[in-house]
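Next up, some structures in structure tokens.
Each of the next two complexes has subunit A plus one more chain, namely subunit B in the first and subunit C in the second.
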Partner chain A sequence: MNYALKTRQVCLFIIAFLPLSKLFVLPSVLAKIANEDLWLCTVLSLLLDFISLSAVLYACKKADTDFFGLLRANFGKVGEVIVLVLFLIYFTFKAINPLTEQNEYVKLTLYTLMPTLLYFLPFFIVCFYLCTKKLRILGRAADIMWLATIIGVTILFAMSISNADFSAILPIGARGFNAIIKGSYKSLNWFGDSAYLLFFIGNFKYKKRDYIKILCSFLIHAVIVTSFVIIFYSIFTSIAYRQRFALTEISKYTVVINNMGRFDYVGIMLILLSNMFSLSLPLYFSCKILNRLFNFKRVFIAPIIVVSIQVIIMVFLNENIAGFISIIQDYGGFYFLIVGNILPVFSALLKPKEKIYANQAN
Partner chain B sequence: MKLTRTIDENITYLKKKLASEDITFLELTVGAKDAVLIFVNDLISKNEVGELVLRPTTLFKGEPSEEELFNAFLSPEKFKRYDHNEIITDVLLCNAVLLTDGFDFAISFGLKYFEKRAIAEPPTSTVLKGPREGFVESLPVNISLIRRKLKTPDLRFENLSVGKFSNTPVTLCYIDGIADNELVKKLRKKLSAIDIDAVLDASYISKFLGEHKTSIFKQVGNTEKPDILAGKILEGRVAILVDGSPIALTVPYLLIEDFQSPSDYYNSSYSATVARAIRFISGIISLFLPALFVAAELFHLQLIPLSFLLTIVNSIKGIPLSPSYEMFLTLLIFEILNEASVRMPRYVGMVVSIVGGLVLGETAVTAGIISAPTLMIVALSGICLYTVPELEQTFSVLRLLFLIIAGSGGGYGLLVSIAMFIIYLISFENYSTPLCAPFSSLIKEDLKDTIYKGFIEEHEFRPKSIKSKNKKRMNIKKDKEIN
Partner chain C sequence: MQIKRTKFLMLALLLIAFMFFTSDLVLIDVEKTSIITAVAIDMEDEEYIVTAQIAVPEATDTNTENQKAQISGKGSTVGAALKDLGDTSGWFPKLSFCNLILIGENLAKTNVMNALDYFAKTLRVQDSALVVMCEKSAKEILALATPLDNISSFAIQKILLKTIGFNRDIATTDIKTFCSGHYSDSASAYMPVIKCIKADEPNSEGGESISASGSDKGSQSSSNSESEKKENSDNLFDATTTALFKNGYKVGELDENLSLVFNAFGGSFNGTTIPIDGVPFGGKTVNYLLTVINKISSVKLSATENDLTLKLNLTLYCKIADVNTDYSDDSLSNNAPLPEPLIEKAENFFTEYVNELVETSVQTECDIFKIKEKLYRHNYKQYSRYKDNYFSALKTDINVNVYGQSQ
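Presenting the complex of A and B:
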């Protein structure tokens, strides 16, 4: 059997793309809700992802076909369509928040003199182009982009860590359990990444001990995200919630800037480059679902539909998108929890195709 | 059409087909039989024809038998031909063909001779250390240069002919037992399917071998050095040699090949690694520096350190053009100068370089048309471009493209275009080999011959990026420790 991905690519995919969208607005949102306990909210959300990822890996271990094939074998055609539609809606809404963040980031940080949506719209060309490609290309992208992510994050950490006062996150749990739960609930939109990995089922050869490699990659991702929010809060403490874009703000007090200009932008640019792939993921997997549902003959039809929907949302809700996102976060949390975390857990219960057909034959 | 036993019929037909005045029909006798020797004037070795063909014909008495006739000639390269078309092809390939009355076959002698360029060091890949011989325009000479490097019975040369009017000999070259059979088969099929008037250079063939017809990146590797070609063949690649071209093509091609230099393999691993890193960084600088500078100047001034920013501000004061137009114009002038200096005779080219580089640049800055930093950026980018000469044409086009994007879309626009560029590169495959291998797909074992040039012991196996039947290329025996 010819697999689209290698285990290494799955690991690098997790390291390269999963941490990025959590480094923009999420730290300030969590700081507003949980203050010094923001990292506990992150850890809780990561723990949920860890559980669902473990279940997905279990599904990978016993799967003899891809996710679509497993759904069809276990639930029949109607059941498969229902589950896929749930994921389609999930990915469509999951994409809105990071895309909006990126748009705002581009407007307010990179183009301060002429902030307009027009500078962000070309991103959708990349997104469209990537969506037309096979899973193999996503794996190859991970092979290269993990380096950009790691270098970018290392530069930012190196330039900011000296300004951090880690005692700021003490005492642990000061804001109470409710604040942590609330923060975690509000941040569900940024997490729930194991849903992506469902689409890797059957697309890489699962070998013995692969789960250790993949879970270790997830831990690296978790360490990056948690360290980032801790350093961020340790630098800004009680005014952290006012620093909307943590990515740009985290290194602004470094003395290097006085001598060399915004050297941290080298790291930021590398992260932005990697983030283009990361932002495209929900749309990419939406395309895979659409292709499965409608079996389009031409490779560009699903990407056109998916990208157009997001462009329309961005253009029409340009000024009011913040309100729309807050509605998604307030009322969509449960949906994100169910589809992003709970459904992947149930993937572990899916029976292999061969076994089902053998039972039917008997 | 088959030959008949009557020489007149055959000659009449062949004279009609080979009516050009540079083709000689030399009438002679072989014992009691009439015969005609056909050849292209000045493209055969007349001495050898005299010694090896004409002299034996005078020794016959009476009527020779078929065997006697064929065995009488001492030429080491002789073949029986039974068909008019075969004879025509042989004559046009500069062989001498002897037709004898009463026989239904002709004898073709490989006695071609023409002026050749001497074997010299190719200007495109000069080395300080290492072999200095390079391919020439003669296919037999090129084959002999390869055979001298690889004295193995597994080295295969397969001859084909391409071009309706040129009938250019094209040779596939590979090592049986290393090269992938499927690849050889595919190339053979592709070469046989080429239907073109003439093949005047190997580049004609390379256009047909690429699987993506509109690609900006080249899809077939090339070299002018037999040692490099031998190295590539030993890695499992297949070479294509074209008569009349000093360039040998190699398939499959990896992008990293263009960052490797012949001298890397003859120098120490340390210096080769540093040289490759410099080449790689230079490639990136040449591609992105002008675009990045314009994006920073127009949209992201915060990227530039304050002291440098002040220098820039002072130098652009009074410049009538916007930074992007200024950079575009300067790059355009650079490309014009480059084009002119390549086309002109060498001594005039040097004058153009001096006038263009020094006088024009200096005057333009003094006159306040372009700023000194822009000139410096273009010069640096231009110099960096030539550290990777094989990618010079591709990079100069892409550099202009990135510049236009950065000038209109700023840094984020540039990032978008880089992301597109990356997706394009990683999706690019030729003969089932990813162009960006071994970086993407990441092949850890092959990274030893990329930017990092490993020590000899690290090259125990052939690259995994290229399909080959025999993976191991050396046996490393570890010396026992001497106390």
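Presenting the complex of A and C:
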């Protein structure tokens, strides 16, 4: 059997793309809710993802076909459609927040003089191109972009750690359990990444002990995100919630910048480059679902639909996007929890296609 | 398939070209962009007067000094005043290179956060920009001519941002540090006060001539000012005084010595020189100048049900930089041990000023040692007991040690 991905590429996919969307606005959102306990919210959400991912890996181990095939075999055509529609809605809403963040980031920090949506729209051309490609493109992109992510994050960490006062995250848990749960609930939009991994089922050859490699990759991703959040709060403490774009903020107080200028933009640009793929992920998997549901004969129809929906949302909700995202965070949490975390856990219960057909034959 | 791909690429290129040529990507003409190097904020009749010092780059093949322009705008908020400044000048005020914000004396009588908060919120200015208070109008300070640089804000930054090895006698702060102090539980912050001094006048507090090259009083001078710019050589700046703020209002000041001791509990202190005068030596009194070669300091808070103790530890490793003895000795060249009377005098100097620093903090209720923050972070069980009365319940345990080279 010819697999689209290798285990190495799955690991690098997790390291290269999953941490990035969590490095922009998420830290300040968590700081507003849980103050110094923001890292506990992050750890809780990562723990949920870890459980979901473990279940997905168990499904990968048993699977003899891809996710779509497993759904069809286990639930029939109607059941498959229902589950896929749930994921389609999930990815559509999951894409809005990071895309909006990136749009605002480009407008407000890179082109401060006269921000306009036009600066960001070319991203959708790249995204459209990605969406027309097979799963192999994500593996190949991860093979290259993991280096950009790691170098970018290392530069930012190296330039910011000297300004961090790590005692700022003390006392642990003083804001109460409710604040931690609330922070974690409102940040579910940024997590739930194991839903992506569902679509890797049956697309890479699962070998013995592959789960250790993949879970270690997830832990590297978790360490990057948690460290970033801790360093961010340790630098800004009481005004952390006011720093909307953590990515640009954390590194600019180092002495190197006084002497050499914004050297940290080298790291930031590398992360932005890698983030282009990260932003495309929900749209990419939406296309795969649409193609499965409607079996389009032309490869560009699903990408046109998916990309157009996001462009329309960005253009028409341009002035009201903050309120829209607030509604998603306030009321969408349960949906994100169910589809992003609980459904992937149930993937562990999916029976292999051959086994089901064998039972039916008997 | 290949033809379709080419068509698609052509369409994409056309789309980008259309966007580019129809909106010119909304770029702003560089001729109409002003590069603001510093902003001075004053208050008159409940209106903010914002004065921007603008660097004017000139194309030239000869070495010339920096050119500047200075324009003002007024408004009911700082943002409105900046807008007014842009409207009246026709320049788009670009704040990305603004590294200095000066607060005028009148504004410091009000809640300074009403003005500074704009710079903390906007993404147009780096919040690593330095913040200083002026002893008079900020606009006047910015307009002063100085021999240090054609652009006065650059001269002030030279004083504020000293490289390692220079005296660490100025309590430099930036927008982020000031705001995080203000918005912390302590609601306390500080900033240096810029004073204008004349080059040929002795420093009133230090009693030394500021015009001496390499002065250690937080000022700089130039000995090669040209005769046609004689009037420019008059103005120098001193920033060794520190203004204390509580809830955004100025509540007190730290003088030169208190600022020096306050900095000893901050970051790097190496290279700082400390004059210790009147040390008894062989029946006479001798004046020493010590250089700090290493510093270990800590501010810890211990809270129990019965007491709240602030433990201030300061250990300085020094060497003698100069001494006015009648005879030559090898103490400078050999990095010799410090004489006992000198150690005693230096320790007394620091202990006295650390005590005074704590007293000033208690009297002004400006929490410069972040006591409330330490109470919350490290003594959370006692936080509710002391959070409202920590200044009145505070006891201090000060431990200062000065060492030289060991025997």
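Operating definition for what follows: the second predicted complex is superposed on the first by the 362 of 362 C-alpha atoms of A that agree within 3 Å, B and C clash if a C-alpha of one lies under 4 Å from a C-alpha of the other, contacts with A are read in each partner's own complex, and residues count from 1 in each chain.
Throughout what follows, contacts are C-beta pairs under 8 Å (C-beta built on N, C-alpha and C of every residue); 3 or more make two chains touch, one makes a residue touch a chain.
Since this is a predicted model, take the numbers as computed values, not measurements.
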item: Partner chain(s) touched by A:L86 [first = subunit B, second = subunit C, both, neither]; value: neither
item: A:K6 touches, of subunit B and subunit C: first, second, both or neither?; value: first
item: Subunit B versus subunit C as contact partner of A:P122, first or second or both or neither; value: both
item: First (subunit B), second (subunit C), both or neither touched by A:G261; value: first
item: More subunit A residues in contact - subunit B or subunit C; value: B
item: Partner chain(s) touched by A:L130 [first = subunit B, second = subunit C, both, neither]; value: first
item: Subunit B versus subunit C as contact partner of A:L170, first or second or both or neither; value: second
item: Which superposed partner A:I301 touches (first subunit B, second subunit C, both, neither); value: neither
item: Touching partner for A:M269 - first (subunit B), second (subunit C), both, neither; value: first
item: Touched partner set for A:A141, first subunit B, second subunit C, both or neither; value: first
item: Common ground on subunit A, meaning residues reached by subunit C in one complex and by subunit B in the other; value: 113, 119, 122, 125
item: Interfacial residue positions of subunit A with respect to subunit B in the complex; value: 6, 8-9, 12, 106, 110-111, 113, 119-120, 122-123, 125-126, 129-130, 133, 137, 139-141, 143-145, 259-262, 265, 269, 272-273, 276-277
item: Subunit A residues touching subunit C - in the complex, by the definition given at the top; value: 108-109, 112-114, 116, 118-119, 121-122, 125, 167-168, 170-171, 174, 236-239, 242, 244-245, 252-253, 257-258
item: Residues on subunit C engaged by subunit A in the complex (per definition of touch); value: 12, 15-16, 19, 23, 25-28, 33, 92, 94, 96, 120-121, 123-124, 126, 128, 161, 174, 176, 179-180, 183-185, 376-378, 380
item: Subunit A partner contacts - residues on subunit B that touch it in the complex; value: 299-300, 302-306, 308-309, 409-413, 415-416, 418-420, 422-424, 426-427, 434, 436, 439-442
